[in-house]
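Structure provided below as structure tokens; questions to follow.
To keep things simple, chains are lettered A, B, C and D as they appear, and every chain counts its residues starting from 1.
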């Protein structure tokens, strides 16, 4: 028989344990929700058309014009009207008499220009089909502001994943092209460049702090590295824009210094703290008898470091490199300020380049419909990048555990 | 069941996952006596001690069969209040582990956890416990100093003081003096002479001299089994089992 | 010592949270966001309007026409500002009122010798066919093409009028906002860019287009080729009282008088 | 190449790298301080955006720091308590650890996307300080969990056994012994987390917007210091604009410097208690 006091204690224990459990699951809930939002929005463009029906929108028409679409009288012009495939006739009155316009819709047509065709439209009108899947008939009105417009918007067909991943043209607004190859190459170019610059310097600095630096100097260097890690990325970007970009512009005589090289330099510096601290901690974790063994055989301090200590700390250092790669891929604002942001396949280290993350940051606030879904699709690509990195880190840690 | 038995243990088995650490231990522990557990390191004496106040519950892989009764009640039954059990069966650890708090907070930690809030009452408990642990005179004017700032011997007596503050019936001691210098060890042993008047004491020690000096009953463990148990003088003068004799005369272990 | 640190945590949190106290000063807010070109006009309208209506506080943020249009459609702001006409998808479900007409000035660095370009030449520069100033009567220097970010209404209108939608050369450097383009052109001798007529000042030089000078008069008489409307986008039936007041004031004589200072007013278009 | 010259070469490379790293730090901070220090003044710090001041941005930043800490610190600490004090080696616990690790690896721009989709649109909080606060709370969670776990693990097991041995319950042991001695480690992590939140820009741009006015409530949009610097960097024309940009960058660096110093001071305190 449990005493009342005992029951009370058990209830309190039960409450706290489950509260803590609930809090621990918050990270699972967050990852699942993030995954759900990014993936559910990001896969849509590849599985179905951008909207379910073709619509026609009549601009600057008034109820008094007796507008009839397929014989049905229209009064409210704020909303768009759905159109099925096939022939449609639009009739309305003008001071000069009755005008009729035929619109033939063939939404499955391969050629976007043929999806909506106007026939026997008034002479004063002009067709604008610069935006794919959208045909706008401008009808000259009395004042420049008063031109009537008949705009037909046909749903964009499902987009192919290969065109998305390997298409070399990102032209979302008018040509509705969503190829992100330029951005993938931009991201790879910038991050690999940053690794080439940042990793050697980072590892060697880590070696100095862990192995060679006298105690007092190491005590100064560690906080310095922490401070470098603490500086916000925008400050790095700003510094790059103010110093690195003009320098590149002068040295290479370019129209503008914003380029992949500028992004590489900035990102290379930004990943230094990650590489340095991982190198230093894994070197310090190497037990002394490794070093003594090598020194006892007459090797110099430098030889000991490079042939024994670093090999022993190899997977820790590699994890640092992978973490640095992850940080470089994820960086956005600093890159936007210095990379030039043109969505093109970079042909040299000096060309202006745009990364995956910058595209999302630059266009998300105004993109809508399929364009915004495509930005979520870029989010998925970044997600996959990160999962691969995490797996690499896990394999490295497991390997570290072996010896 | 002899009326003055505190613990009755019936063929107790204990497993760490697959490994069996204790094999069918059966013994009685008399009240107001000092019982010593001796045996080579790894023989299971500390593990057995920790089953008496269910400290082994902290380890997930531990599994227990058999029965341990305290005053006739099986302590591993489902509805036993573990915290109440540990209040009645205090424990002093090998390495002194005062909390990173003041000496005063250390001593009154237990009573406060039980819900005693009245400052005056806590002051009384603190003084009486520190006096009982022969530490009052050395710390009475620096009660707010951190417990960690005391010497090893003082820290161990502080731990004894905070155990006493819970008014336990039994005090378990897991090699209490192995981390202390000889002078501090002597002090703690004199303290135990006093304590055994009021409390049942069970002490694990790897020093046979200590067992001989302070204990009334001694139990000899080997490879997880209880080899022999009896009056301390009998065990040390004419042990019945050959293995006990080998251990006592220092042939092994 | 533990208590010292405990307290320290509490005040770190409290200090940040205390800043959250909401002290709404009782003014009714009108949220407006969108085109940075229209924002230049808004920054002139705001003081005059708020002087007349003390209880209304205009909260204006400039991040690009498409942002404003989208925000208005989603109802996160009372008015979206756009410096280009809406696309069909954007039109459905919202109302719009043209509050001003504005030209887009093609600008070059102050000491660039070139003074006049045709629509076709400008189009060729922006599609990357023409890449050196010498081909246009200037010095032998590479042309640094400067453009607005994709969200910009000025860019949308500019590319629509020149018929080069989505065909801009990838060498062009994109800048956020009117200020960005103006600062690049004013500092980079080889640069060519475009900004709202209302934002032109002595730090840069506006070119003639097809021989016509970029001025309010030439927009009034519809002779200047690159012109576009400033539009406010809103949902008629969910307009708050103060938003209604603001809209009527802007389209009314007082508002249009402020418009006329830098831009071209539109008296009779308010249906 | 003889062994001696190889040694010298490697030593030279090591020294060069270290000097390069320290040099970069000194140049960046030095350059920005020189350009920006002059412009720092009372009415710059407390002036409104129209007068070229950054007070609205400081308030927005503090709001966001406050909200994200108020959520991520309690949740993070309690999650870490579960993982270190209660969790057994089950499949579910390794799932929690994997989720926490991948949450830490997600690029900040994806948090921006997520914050936009969930808080701004789905929850209808609009572009506001609240949306940004929630988004950064989730971003900050793994940092708090990992640091708190480390701090809890550094508490010796003997403290727990001592407390349990005196008949204290598990939760009393956690509140009275384990957490207080882990507190300095946790506090250091919280302070460093502030630096990280202040430094974020991409997610904040998408969720809190670019409004320059002083936010009157958490439901208003608001531009943080980093977003302000980002926009200034792109739109600055007159020398005066550049001075404001440099001064803003200087303020950001000062904040990071102060935060690192406080964190260092608290962790030094940590060593004292261990004595």
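Definition applied: a residue touches a chain if its C-beta (ideal position, glycine included) is under 8 Å from a C-beta of that chain, and two chains touch if they have at least 3 such contacts.
Given the structure is predicted, the values throughout are model-derived calculations rather than measurements.
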Next on the checklist: Please identify the chain with the largest separation between its CA centroid and the CA centroid of chain D.
Outcome noted: B
Checklist outcome for this item: Two candidates, C-D and B-D; the one with more touching C-beta pairs is C-D
Next on the checklist: Which chain is most central here if centres come from C-alpha coordinates alone?
Outcome noted: D
Next on the checklist: Rounded to a whole Å, what is the gap between the Cα centroids of chain C and chain D?
Outcome noted: 35
Item to check | Euclidean distance of C-alpha centroids - chain B vs chain D, Å | outcome: 47
Checklist entry - At what distance in angstrom does the C-alpha mean of chain B lie from that of chain A? => result 63
Checklist entry - Centre to centre, by mean C-alpha position, how many angstrom separate chain A and chain C? => result 26
Checklist outcome for this item: So chain C residues touching two or more other chains come to 2, 63
Item to check | Sites on chain D at which at least two other chains make contact | outcome: 169, 180, 234, 273
Checklist entry - Which positions in chain A touch two or more other chains at once? => result 9, 365
Next on the checklist: Using the touch definition from the top, list the residues of chain B that touch chain A in their complex.
Outcome noted: 79, 81, 83-84
Next on the checklist: Quick check on the complex: what are the chain A residues that touch chain C?
Outcome noted: 55, 57, 59, 78-80, 130-131, 134, 136, 143-145, 151-153, 171-175, 177, 255-256, 258, 340-344, 352, 362-363, 365-369
Checklist outcome for this item: Per the touch rule, the chain D residues reaching chain C in their complex are 59, 62-63, 65-67, 69-70, 73, 120-121, 126-127, 180, 183-184, 186-187, 190-191, 194, 209-213, 216-221, 231, 234-237, 241, 266, 269, 272-273
Checklist entry - What residues of chain B sit close enough to touch chain D in their complex? => result 53, 55, 58, 60, 83-87, 90-91, 93, 95, 97-101, 109-110, 113-114, 146, 148-149, 159, 162-163, 166
Next on the checklist: Help me check something: in the complex, which residues belonging to chain D touch chain B?
Outcome noted: 88-89, 156, 158-169, 172, 176-177, 180-181, 273-275
